[in-house]
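Please find the structures below.
Consider the two complexes below, in which chain A is the common component and chain B and chain C are the respective partners.
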Partner chain A sequence: MVITICIGSSCHLKGSREVVKKLEELVAEYGLEGQVELNGSFCMEHCVEGVCVRADDRFFSLKPETTEEFFCKEILRRDV
Partner chain B sequence: MIENDADIGSIKAEVLYEVAKLAFEDKLKEMEEEIPFSIIPGPKANFRCCVYREREIIRERVRLAQGKTPCGNEDDKNIVQVIRSACEGCPITRFVVTNNCQKCMSRKCQAACSFGAITIDGDKARIDPDKCRECGKCAQACPYNAIADIMRPCKRSCPVDAITMDDNSIVKINKEKCISCGACISDCPFGAISDRSFLTDVINLLKAGVPVYAMTAPAVEGQFGPDVTISDLSEMICEMGFAGNFEVALGGDLVAASEAEEWSEAYREGKKMTTSCCPAFVNMVKKHFPSVMDSISTTVSPMAATSRLIKAMNPDAVTVFIGPCIAKKSEVIETVADNTADYALTFEELHAMFRAKQISIAPRGTDMQQGSIFGKRFAASGGVTGAVVEALKEAGENAEINVKQCNGALECKKALTLLKAGRLPEDFIEGMACEGGCVSGPGNIRGAVKAKKDREALLSKADGRGIRENMQEYEKYRFSMHRKK
Partner chain C sequence: MDICTDISYRSLNKYHEELCGDKVEIIKTADSDILILADGMGSGVKANILATLTSKILGTMLLNGATIDQCVETIVKTLPVCQVRQVAYSTFSILQIFRNGDAYLVEFDNPSCIFMREGKLEPISFNERLIEGKRVNECRFQVRRNDCFVLMSDGAIHAGVGQLLNFGWTWKHIAEYAVQNNSRGYTANRFANLLSKACDDLYMGHPGDDTTIAVARITEPKVVNLFTGPPENPEDDAVVINRFMEGHAKRIVCGGTSANIAARILEREIKTSFNYTDPKIPPTAVIQGIDLVTEGVITLSRTLQLLRRYAMGEGLDEEYFLELDKGNGGSMVARMIIEECTHLNMYVGKKINAAHQNPELPFDLSIRMNLVEQIRETAVKMGKYVSIAYY
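And now, the complex of A and B:
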């Protein structure tokens, strides 16, 4: 599956780079390389409080500190 | 306001300028909808049927300048986008009998057609579009050259057959096939295809006071005339609020040294290899020749190398590649988790920023060189090979390498087809999707021919430093020169 992280300026200032880094570490930690692909994106026009992240067809609003919770709840629990 | 004789390039430039200006002034959100009216004041239409259509085209371009899709399709991540309102739906019946037809007795066209599509009636031969398979045999057979091949310019330009038409003959881009080379953007005579931009993102970060570093591609020399050196450009870029500017030619030097090691190793192991600098070439391998993906050098691109160097110096740095390339934008997006540039802009977009900030494009009397002449020559076809050969010589390795230099996407495709079939005679492929190299890229302000003289004048001033010598200064910074596998 593909996780798309917005790299627009607004999300950048909210920490998109940290979110990418966290996700990268988590993907490595759970040995999901080759199954989970991280991808960037222009502004997805879903600007909310956090960094805009898309997994399959759903949008999420993440902060660097909520990234692990998102990963465990939304990524690990599904058949990737 | 756009003048009557404006070309597509100047319309695009005008939109980028207006968007950049409002973004710098913090007025983009409130004034965005005014842009179509200020550029097309009316009441008379200049290029299209009416001002309403002209304004709609500008509105869609304003969205592209902010990185959005023209019509708000959030599923579409492609860099290259169709401006539907600008597409004229050119005729798709590819072969047409012209008035040159003599209605001759031999009827070679009819005999050449395997599909029975040609009839001779009235004053000339006719092609039944329902039967025609566009093989072109009739056009070859006609002794009067009376059959014209009028393939749509967008479709003709695409090296990977990613362009089709919808039911209304409006162009459609197959994003599974598109390699973001930007050939269709340059070739559509109506300017109906364009690219999304990180322009406002970069401006917002500059305004936010983040340390933003520019990285200008080696193709830049000659884009701003014979007198503006790359060091003058750095000054101009810093006047806009950037924390600094690095020559990507320096990254080119790093890449040449790393490739030289990789190539020597591959050669010893009897493995064939391709370059990895051109993102449209890399996209072509990934999307159209996936079985030879392992042959792509694992050395990162000069853009990524330069970005890694800057981030090794300043971990908080935000890096922005500025070049002639549209595919670089896709490289940025796809390698988001592989420590590369944060954003990519084109020279057109840089020019719009200069205008918006009223930065005068003139020499600043500075003269600093970061890249060697070998790194600088990465921008033209054959340049990568030249630099790798130099690096091999400097390392005392065998520099007699056998490289297929692919100048343009079609040559890349041919070489990759041979590589895939195991029949490539050469050991290495230098892949450049633009004919002539980056100097002919779609994001340039001046084309390769116009810029050539000025470019050569500027390059002739570069000192003769070697690649290794040039890298010594940066040896204390530690970073990997390879991508993740």
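And now, the complex of A and C:
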């Protein structure tokens, strides 16, 4: 599965760098390197209050501090 | 032959002096660039006034088509007479380079111009003339691409005199040093910086005289096209991208949405990276056929900061150039504009990005127009030809 994180201007200011870092750590922690691919993208036109993240075809709005929760709930729960 | 010039200079003030007694004027006319370096007698306020008057009179008169004879006559009759020495005096050098490759060099009592061609020192065959009782050397010749000229005030050839060196740096040694370093391909600004730094070092940071180095490089026209901001009307997307891709140029796209537009119209893929070489600047991306793809407003703000420092010529130390050589988007755009560009064409979309109108963001993203305008101003100050097309 592919997780795409927006690195455009406003998401950058909302902390996309931290979100990317956190996700990279989590993927490594759970040993999912072969199964989860992290990708960057410019604006995906789903700008909301947080950093825009797409997992498969669903969009999420993350903050650095909610990233782990997202990862556990949305990524781990599924069969990856 | 269609040529461009890259002209810049750096002055050191005599130690303890607040004003420089050397003055440089750089003027662009319709068909030429003129570089004037005047060195007023003495130092401080008086020298500064003499040099300023001289360079301004020369510049204004030449710009309006006066001959060098008329200029010298005017200077001789206008300069205030020094009460101590009973003379009115300022030395000067003038280098005029025409767009068609013709050049005209005039010197009055300044150290002679260093002329470098194909890695070697090129002798200049001067004609000596007496104008108003003053010996003036002049020469008319043709320039070629990659020729480089260094004008200087006598503070340069005297650097280190009586301190580190018995007789100062001397013209011959400056010329050797210039030839050695010319092959590095530095811009005029960086080259002038290098040479004046060497003078400053020989003076051990305490210049005994006002010291100025002015550099003129002959370059080919180098075009950079920069696209930033989505067009107001989406129907213009293809129009702007087609114009942006026209001709021989380096191409930069600044902006995530702008990059998406370029990729869509060109039917090419964007590859982004997570390579945060600078945590404050979003990473760059790659679109095949485009030289540089970056985020928009945050990156351009950094670019503007770097361009401004360069244009002002303040604090251009080694650290500045290291910053400029870094791999973040802001530095990369600035470096392209500074080092690889004589003509900057900006294609600017005016659409307002709703996500940028967010007062909670720690940075005002709604400033694209403002940034573009300031980049234009700064690039013009640096001697670039700038055009902006809004969509």
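To be clear about the criterion, the second predicted complex is superposed on the first by the 80 of 80 C-alpha atoms of A that agree within 3 Å, B and C clash if a C-alpha of one lies under 4 Å from a C-alpha of the other, contacts with A are read in each partner's own complex, and residues count from 1 in each chain.
Definition applied: a residue touches a chain if its C-beta (ideal position, glycine included) is under 8 Å from a C-beta of that chain, and two chains touch if they have at least 3 such contacts.
Since the structure is predicted, the reported quantities are computational estimates derived from the model, not experimental observations.
Undergrad: In the overlaid three-chain picture, which partner chain does A:47 touch, first (chain B) or second (chain C), both, or neither?
TA: second
Undergrad: Does the superposition put A:39 against chain B (first), chain C (second), both, or neither?
TA: So A:39 meets both chain B and chain C here.
Undergrad: I'd like to know which partner A:14 touches here: chain B for first, chain C for second, both or neither.
TA: Touch partner of A:14: chain C, not chain B.
Undergrad: Across the two complexes, what residues of chain A are contacted by chain B and by chain C?
TA: Common interface on chain A, chain B vs chain C: 7-10, 12-13, 17, 20, 24, 38-43.
Undergrad: Of all residues in chain A, which touch chain C in the complex?
TA: My answer: residues 6-10, 12-14, 16-17, 20, 24, 38-43, 47.
Undergrad: State the interface residues of chain C toward chain A in the complex, per the touch definition above.
TA: The contact residues of chain C facing chain A are 255-257, 259-260, 270, 272-274, 276, 279, 282-283, 285, 295-298, 353-356, 358, 361-363, 365.
Undergrad: Provide the residue numbers of chain A that touch chain B in the complex, in ascending order.
TA: 4-5, 7-10, 12-13, 17, 20, 23-24, 38-46
Undergrad: Which part of chain B faces chain A closely enough to touch in the complex?
TA: Touching chain A: residues 66-68, 72, 74, 77, 196, 198, 200-205, 208, 210, 318, 332-334, 336-337, 342-343 of chain B.
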